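Listed after this line are the structures, all set down as structure tokens.
Look for chain A in each of the two complexes below; its partner is chain B in the first and chain C in the second.
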Partner chain A sequence: MKDSTSLEKAVSLRNQCADSWKSNQLGKAYGVVYRARDRNSNIVALKQIRILPQERQNGIPITAIREIAILQSLRHINIINILDVAVGQGSENCSDDGSERRSEGRGLDEVYMVMEYAEQVADFGMAREYSPRPLTPGVVTIWYRSPELLLGTSHYNPSVDLWSAGLILTELLLCTPLLPGDTEIQQLALIVKLLGTPSPDSIAALSAIGCPDLSRWRREQLPQGRVDNLERRFLSETTKETVRFIGGLLKWDPDERWTAAEALAKGRNKNAGEAERWWRESPREVDKDLLPTFPEIRNGERIGGEMVHRGTDKISTRKGKGNDGARSAKGASLESYVFDFGTDQMESQSQRVTKRHRIR
Partner chain B sequence: SEEEILVGYYCGKTMELADLFEFPTNVKATAVQYLKRFYLSNSPMTYHPKPLMLTSLFLATKTENHYTRLTAFASRIPGKKPTTPEDVIAPEFLLTQGLRFTFEVRHPFRGLEGGIMSLLGLAGGEPGAKL
Partner chain C sequence: KAALEQFIHLPVEKDMVAYLAQKASTVIRCESTPFTAPSHLPPTPPRTPPQDGRPRLAEENALPSLEVFITSIVDRSHVQVPTLMSSLVYLSRLQKRLPPVAKGMRCTVHRIFLASLILAAKNLNDSSPKNKHWAKYSCVRGYDHFGFSVTEVNLMEKQLLFLLDWDLRITPEDLYTHLEPFLAPIRLRQQRQQEKEDM
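Right after this comes the complex of A and B.
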């Protein structure tokens, strides 16, 4: 185990970035992520968890503990490994009453998670272990929230993630979010526009899992007789099998939605069979090591060579802009730069987004 | 050594306290593990186990997904002098550092439960049940 002091340099790097840190306050609710170099010159990612005073009434917030505990318990090639947890102290935010608080021994303003620097799933800020206890419905950015969550149920299951996965797939195809709603009602309206009016069976299924807002929504907002537009929307973009795959994930009734295993074509039922046809279709899945990489995106400069992938140009200009901003803010002498998932997204979608939803 | 006996005594006390709150087994076991792990690198001569016992039990409710409100937790702790919420969370940071933020405890309970369930299935003559 690396000891926490290896982070001193990284943390001091953070302090040198104070200016850009301030301009990055937008991403505060999300925690800011830094790229840093540890004592052994390995590049690591630092994720800062800020602990706000109002979150202190229960000690260390349960979300922070869960995020650390869950990341530690997971070992998977697609999930980032957490190397260490370090504690930083004080920041300009606390400098008004700053150092006194530190000497009180409560210097738990910032906790850093040190992680491998890699392209892997890293954000488990909202994760918790699945249990049949009632769960909070107000999770997930509203764009990716499934109908039952939008209707306020607290008895949902992992099928909400399959809904989100379906939407992410469409986003990869379109290079833009498919259903960017501002409010729950608007989000539901967008879903109706895409998938048509839910069938009586789906409505019955939704009411069976106890969606408190369902009846009001049906009475006041639900348009009748809308048809399913999914195929029309996507056939020009992609193949029939892909549309079918997306359709399997975007189902009103959570029980009808494909399970993760089915979507991976594991098992022998009808859904798995349909999913398998999609996986078999060209282009086939590629081993991770054989995927093209785009280091120039990360470095904010082009190394040369041709762009192979169709979508790359779009992405690199988009990301490049974000990096340039961060770079110019803190000068070229530093090797490391600040990036912030929140701002990056804001920038690329600034036309569409008025506000981002995330309920803690 | 004597220190070990003292920690052992408070591990027992932690379990009694967890029973009082009717916490599930995994919370109880995790709290005991936290206490034991903490005293791997610290001495009960430096930090008395009694306040840390409360903290580790409370921390265990958080990590084991059995959320309990701090005020409710503190008010139910028996003792001559009432325990304040601050008493419970004061050593929390110390404890998390002593644990080096390794909150995960792997218990055999879940596997055991699964084993018992498949045994019951086997005994009930469930088709396809296997050990």
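Right after this comes the complex of A and C.
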């Protein structure tokens, strides 16, 4: 049955785009990404953005329109190239949940983005061009959200992305999210636990850029005298230079945070110098082709205690209501991670890691 | 650049709407462009082909001119100059991609303009009216039978995206080119001011 689905998809897509067909589901956040083959047999990534019935009155989602425009204007070896876009009509059995959607699925619009298949940055669903004016607060997945955003500012700048980058680096080292908070307050508490109580200077800086929730947070939630645990947390995992690099990105004060140029060791100031030492240190960068590849963790399913990854060439046959199946699979696979954050934190952290799947 | 900076803060003026209407009407030839022939009595209304399924004589007669249509949308949607005038870029981009023989229905230009405006609004703003709101904004007072449904709005949006190949990028150069008629006088004024200050 799933085979006929992919065939059907191929037929409907052939008319509009690069003749791709879904062959493997790769990831799922706001859209579903598939590994597919175009008509020249090249492997491509196919991102499907489904438009739900209740969203049909909005037309093509603003996020899809902007994501595509931004991807088109970016050309960089580490950023995925967009090859083609098509709008399709979802047929009833191309939805993951099979019979579930059979009745209402007919005629749903879907936007397909055909992209290069490579390990590159690919998701620009929330991207925007920077301009120095008040911007919408409440952006960025909460775990990667910088302090000033958590405190509700609309006067932020690209430094929020450097904060996120720092956290992603830690996640690569730990193989698990470092600060998986559920709410803004909890997220801030996790940051305090990691970086310690912010200095009066940092508080003053946050106050100067206008953080509406700052004074209330200080009054009601901010613990005093907490120490910076970053080094303690990471020295067992990595080198001193790496800790310094992470520390440069995870700064309370956005102006103190390293800039992208500094982090890339471009320039001559102190920060760039420290970054340079990190880049020079072993292990050095490796050519992309020499890196090992891993199966998409979220595609994993735990069957009889063993992790089973969906084959690369077979289409998922799993059925289920919504994300129930996926959720338990994720929860199970993450239980095997080891936390060495001290016993009490270990408990609360692993709790949170399971929790995060409930909020998805 | 300074002229552009000043231009985007201006309120929407009549001459901008007129210019947009004129540009939009050149994108594609229509059966009868209401922009050039506003209130001429149609001699014999064109026979609506049967497959269209809805010969609407009364409604067809009540097609607002492009200028009226654009003015009404601007009023209802409170769209600002940057968004409104960026739709110019899409209009001319579309014109370049359409074959010169392309011909539209009477309200094709209205549709093209609305779709350009919607895409400009979505691309340039963090939040934008939903298509159901745009459908509401497309009604014009005094033209009871005119206006687009959400389905029509969704379709025109999709079609324009397809025709533009999803290329919604707008470069500073695009703006300098397409807004030149408005930028030139501002620049001149700024130059004069500068000269005065220098003296």
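Methods note: the second predicted complex is superposed on the first by the 234 of 360 C-alpha atoms of A that agree within 3 Å, B and C clash if a C-alpha of one lies under 4 Å from a C-alpha of the other, contacts with A are read in each partner's own complex, and residues count from 1 in each chain.
By our rule, a contact is a pair of C-beta atoms (placed from the backbone, for glycine too) under 8 Å apart; a residue touches a chain by one contact, two chains touch by 3 or more.
Computed from a predicted model, the values in this text were never measured in an experiment.
Visitor: Between chain B (first) and chain C (second), which does A:Ala260 come into contact with in this model arrangement: first, second, both, or neither?
Guide: neither
Visitor: Tell me the contact category for A:Leu174 with respect to chain B and chain C: first, second, both or neither.
Guide: Neither partner.
Visitor: Could you figure out whether chain B or chain C reaches more residues of chain A?
Guide: B
Visitor: Just checking: does A:Ile43 make contact with chain B only, chain C only, both, or neither of them? Give me first, second, both or neither.
Guide: Neither: A:Ile43 stays clear of chain B and chain C.
Visitor: For A:Leu235, decide between first (touching chain B), second (touching chain C), both and neither.
Guide: So A:Leu235 meets neither chain B nor chain C here.
Visitor: Identify the residues of chain A that lie in both the chain B contact region and the chain C contact region.
Guide: Chain A residues touching both partners: 57-60, 62, 65-66, 68-69, 72-73, 85, 87, 128.
Visitor: Touching residues of chain A toward chain B in the complex: what are they?
Guide: 1, 57-60, 62, 65-66, 68-69, 72-73, 84-85, 87, 105-108, 128-129, 131, 133
Visitor: Can you name the residues of chain C that touch chain A in the complex?
Guide: Touching chain A: residues 118-119, 122-123, 126-128, 130-132, 134, 150, 153-154, 157-158, 161-162, 165-169 of chain C.
Visitor: Of all residues in chain A, which touch chain C in the complex?
Guide: 56-60, 62, 65-66, 68-69, 72-73, 85, 87, 109, 128, 135-136
Visitor: How about chain B: which of its residues touch chain A in the complex?
Guide: Against chain A, chain B makes touches at 58-59, 62-63, 65, 67, 69-70, 85, 88-89, 92-93, 96-97, 100-104.
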